[in-house]
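Below are two complexes that have chain A in common, paired first with chain B and then with chain C.
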Partner chain A sequence: MTARLQVRDLVVEYRTRDGVVRAVNGISFDLHRGEILALVGESGCGKSATALAMLRLIPDPPGRIVGGEVLFDGLDLLKADDAQIRAVRGNRIAMIFQEPMTSLNPVHTIGDQVGEPLRLHRRLTRPAAIARSIALLGTVNIPHAEARIGDYPHQFSGGMRQRAMMAMGMACVPDIIVADEPTTALDVTVQAQLLDLLKHQVDTHGTSILLITHNLGVVARYADRVNVIYAGRVVEAASADALYARPTHPYTIGLLRSVPRLDQPATETLAPIEGQPPDPLDLPAGCPFHPRCPLATAQCRREPPPLRAVGDAHHVACWVAAHG
Partner chain B sequence: MAEPDDNALVEARNLRVEFPVLSGLLRRKQVASVRAVDDVNLAVRRGEALGLVGESGCGKSTLGRAILHLIRPTAGTVLFDGHALDTLSEVAMRRHRRRMQMIFQDPYSSLNPRMTVGEAVAEPMLVHGLSDEGDSQEKVADLFRTVGLDPRMMTRYPHEFSGGQRQRIGIARALASEPDFIVCDEPVSALDVSIQAQIINLLERLRGALGLTYLFVAHDLAIVRHLSDRVAVMYLGQIVEIAPKDEIYARPLHPYTQALLSAAPIPDRAVEARRQRTLLQGEIPSPLNPPTGCRLHPRCPKAHATCRAVEPKLRQLDGQRWVACHLYDDAPTTGGG
Partner chain C sequence: MSEVVGATPARPAAGRSPLMSLVLAVGRHRLASVGLVVVALLSLVALLAPLLAPYSPYEQDLYNVLSGPSPAHWLGTDNVGRDLLSRLIYGTRISLFVGIVGTLLSAAVGVTVGLIAGARGGLVDAIIMRITDAFLCFPPLIFILAMSAALGPGIHNVILSFALFGWTGFARIIRGQVLLVRELPYVEAARSIGMSPLRIMWRHILPNTLAPIIVAVSISIGLAILVESGVSFLGLGVQPPTASWGKELRVGFTYIETVPLFSIVPGLLIALAVIAFNFIGDGLRDALDPRLRGAMGRS
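So, the complex of A and B:
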């Protein structure tokens, strides 16, 4: 099966006052038809920068895509001209952001914004786009959509704005939806509804979803495959089943052990990952996790470990764990 | 409806907090009021950690602040160690203030950027006369060690610290006045996953070592389970269920508690695959215009005619369980109620 989207050796840098930060340091992955691939990691690990770079949405300056390829439908999106990339964005690859208030335009109605991709990419007339928007808002469970279509974003609650963003993302039935922490700002009861809607999109249209999140519970519930990211690199890549059954990278193991679980009585103290997340301006030599790693050896302090296979479609970047 | 408790350190009685809703561009006029906390009765027992959970806008943070009198309640009383806070003189209030502290979600916005973190931690000691300039340095150094910070960092400024370290500073500052009671308001939700566990363990250790009483306000039910002895669940300004934590997680009674637990994913693939889930419909209604009867009824899968008309009261069922739901109207009641 060939991948719908291939990301190869992506490198993204930000120029800051204090120096150059390499936010994404050689990330590669494939995204297949009808799957949910999670990029999971903590703040600053480079997961959002990866998603933005794929669609060339990194503000330059201060950001810059330094290297790599993003192959989609015979096109390298990193080399595509403006017309080519515009034909892809919002049409065949849609993006849903964490904070819909900042990505919805406050002076346009919800209906105009949800219908915009249809007018732009499908050449629908305004009335036709509005009619289609009402149907789309209905599918994301906005009650009385026909009455709310003329509302402005501030008249919607946070959950409803995120539903509207999803409706906009789904408008052109894209091949790929990139969802960057789509429900992080929302309450759990609404979060579950919206993620179920995304899953439904996969099941009914074969949409591929790149789900960017820090929430290991969300990953367990929704993802088919997982890339764990630390300091701008993929440190473990596996099917979700394998990742939870046999977490192998010490960082993945540490994350899973450190989160309290709803289904376990709190009889033991949690096992936190010691130390602090790395300073992106001053990354440690060798494996970026070595200062916090209980298994680190001299080699880990010297050489960055490559991703190596430890099982069927299960890869780990670790000198120690990969030996089993 | 009070939850009488002889062993309470802090008690909210019929507590209500209203915020004015203003309108008009130039001449702001009050056009309505939002009842953020609506007739809440809650007791926090000496030495316990009471978890207060609910979704954003349910009033849990407002309740936490009103219990500390950081927000003045519109009606009702807070008893601290048997004293009604609203009747205290200014001097007496200051004496009580020392014993009640707060840990904030975002320690960055609660630390003065122009003060060294050592000065920030020393300030409550000096204000409350627990220390003088002479011995405060040594006491601050002790507190730094208590929360797992190197005392040599005392001369640095807040911006030089990571989120987890800043939360440790916030905790040290809360401990500086030697309190009995701390309201922890979402103390780990702004932190990275790998750092959250460090702070949770610290809060747990401090409670044991210093005999503290916590009101732990949070939206993350797994963290609340880890840190609390009992859990109170809030929806649209009201408490809908109170129970010892293992009971509420094993057998939630209120449909809202059931939905909250069921919506929260568990970081385990095999467990998630087996889980039965009940989803609530729609969004939380505006507190400006709460539904009649039971406030959950428009979203509740089990609502019936009574739920739409009659507001359910918080009633005590067997043992230590309290619930406000008409599904349990016929359940036998013990005591209180």
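So, the complex of A and C:
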């Protein structure tokens, strides 16, 4: 089965006053039908830039997609013309952003905004789009949807706004939903409800989801596969089960050790990863993780490690771990 | 779960639009409501001028010039015996017409140009902004006087020269707003659902840039009224025998020692109208500020 979406060697740069920052440095992955793929990493590691670049939404200037391919439905989205990419955005590939408080326009009603993709891509009339929006708000569990359809965003709570954004993302039943930290600003119970909604979309429509998060708990519960990203590169790619059972890259191991687990003895202390994420303007030579890595060798300081298979569909970019 | 949902009190479906809340907020603002009443009265006077004016504004009575107030002529007569009250009532039409049309014209041009500058950026933006900078070097009245003189006297040329100057202010405001709004997440969200740049501009950016424009419009109407009066006072605006507040002020000024009312009343009217529009502008600004903070502050 070929993947629904193939990202190959994506490179994104930002030009800043102090120089060029390579936010995404050759990221590749496949996204299959009906799977949830998580991109995990710290703030600024390039996971959001990857998602934005896929739909060419990187603000230019200062950002620029320097290289790579994003193959979707026989089309390289990075080379598609404006009309082609607009026909994909919100229709075949939808995005859900991380700021529920500001991702809705304060001057239009919820109904008008949720129905917007349907008017754009399905050419529905305004009344038809609003009728459809009521149903969509119902599926994302907004109570009294028909009474709230004429509300303005300021009348919705944060969780409701994010649900409205999800309804908007699901409106055209897209093949792929890119969820960029969709639950970061929300409390834990609301987070679970929203992620269950996304999971439901996968089960009922075979939607593929690219879930961008720094929350390893969310990843463990929802993701099928995980790509761990560090300094703009994939450092470990594995199924979620394999990643939690046999984390291999020292960075992944560090990440997992720094999160409390219920099955851990209460006496064990959490181990933070030493040091700071690298300065993107001045990435270390060799493996970008070597200054923080307990296992770093001379080779790590010299040559960047390639992504190599260490198991069935389990890849790691590490000189030391790959040797076993 | 269902009983929990059912227990949620159904909110009243009073989805008040931002525009409606704005009107209500201005109504609560004391000075602004005074301004609104004054403007409403002046508009009524302008609309109903033929019914309200006791005489024709052109009817001369050469046996009864510069009479001063009397039961027949409440404000007296002018230097050729025309009823001053009637002339000022008709003059209201000219002042409001210049104020409103001049402002709408400059706002239409300014908003369009400002949108283009903010949206396109780069060279287009730089050129447009340097042009507006150049306009800032002129004192407004001098520029408008020069334009009126070049175009020739007449009310339409006053409007045209006002718009030629006034668009720059609107363009600068809109351009700044566009730069601010186009970075907001909902604009990014609109792009992410495949909306075309033109439609994003129209549906998402323009409505969110209008708040300061509404304020600027009400203040600009006052300014345009002042400019018309000034230009007419200097003889380049409305031409005889048409009445306008500025014209009456000019003629009355000649006789200020004998019939002071002739110049005082038009002067008061001009001041009243300008202050009323400024009060409305202040009220709008106060009403719009907290809403903007509420909508954009939390992120």
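Criterion: the second predicted complex is superposed on the first by the 320 of 324 C-alpha atoms of A that agree within 3 Å, B and C clash if a C-alpha of one lies under 4 Å from a C-alpha of the other, contacts with A are read in each partner's own complex, and residues count from 1 in each chain.
The rule is simple: a residue touches a chain if its C-beta (ideal position, glycine included) is under 8 Å from a C-beta of that chain, and two chains touch if they have at least 3 such contacts.
These figures come from a predicted structure and were not determined experimentally.
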**OP:** Return first, second, both or neither, reflecting whether A:Q155 touches chain B, chain C, both chains, or no partner chain.
**Re:** second
Original post:
Now for A:S43: first (chain B), second (chain C), both, or neither, which partner does it touch?
Top reply: first
Original post:
Does the superposition put A:P272 against chain B (first), chain C (second), both, or neither?
Top reply: first
Subject >> First, second, both or neither for A:H214, with chain B first and chain C second >> reply: first
Subject >> Touched partner set for A:T109, first chain B, second chain C, both or neither >> reply: second
Original post:
A:P143 contacts which: chain B (first), chain C (second), both, neither?
Top reply: both
**OP:** Give the label of whichever partner, chain B or chain C, reaches more residues of chain A.
**Re:** B
**OP:** May I ask you to decide whether A:A321 touches chain B, chain C, both, or neither, giving the answer as first, second, both or neither?
**Re:** neither
Original post:
Following superposition on chain A, which residues of chain A contact chain B and also contact chain C?
Top reply: 143
Subject >> Contact footprint of chain B on chain A as seen in their complex >> reply: 42-43, 141, 143, 157-160, 187-193, 196, 214-221, 240-241, 243-245, 254-256, 258-266, 269-274, 276-277, 292
Subject >> List of chain C residues in touch with chain A within their complex >> reply: 5, 8, 10-11, 13, 15-18, 183-186, 188-196, 203-204, 207-208, 294-296, 298-299
Subject >> chain A contact footprint on chain B (complex, rising order) >> reply: 55-56, 162, 164-165, 192-198, 200-201, 204, 219, 221-223, 225-227, 245-246, 249, 259-272, 277, 279-284, 286
Original post:
Quick one: in the complex, what on chain A touches chain C?
Top reply: 55, 57, 59, 85-91, 94-95, 97, 99, 101-109, 116-117, 120-121, 143-144, 147-148, 150-152, 154-155, 165, 168
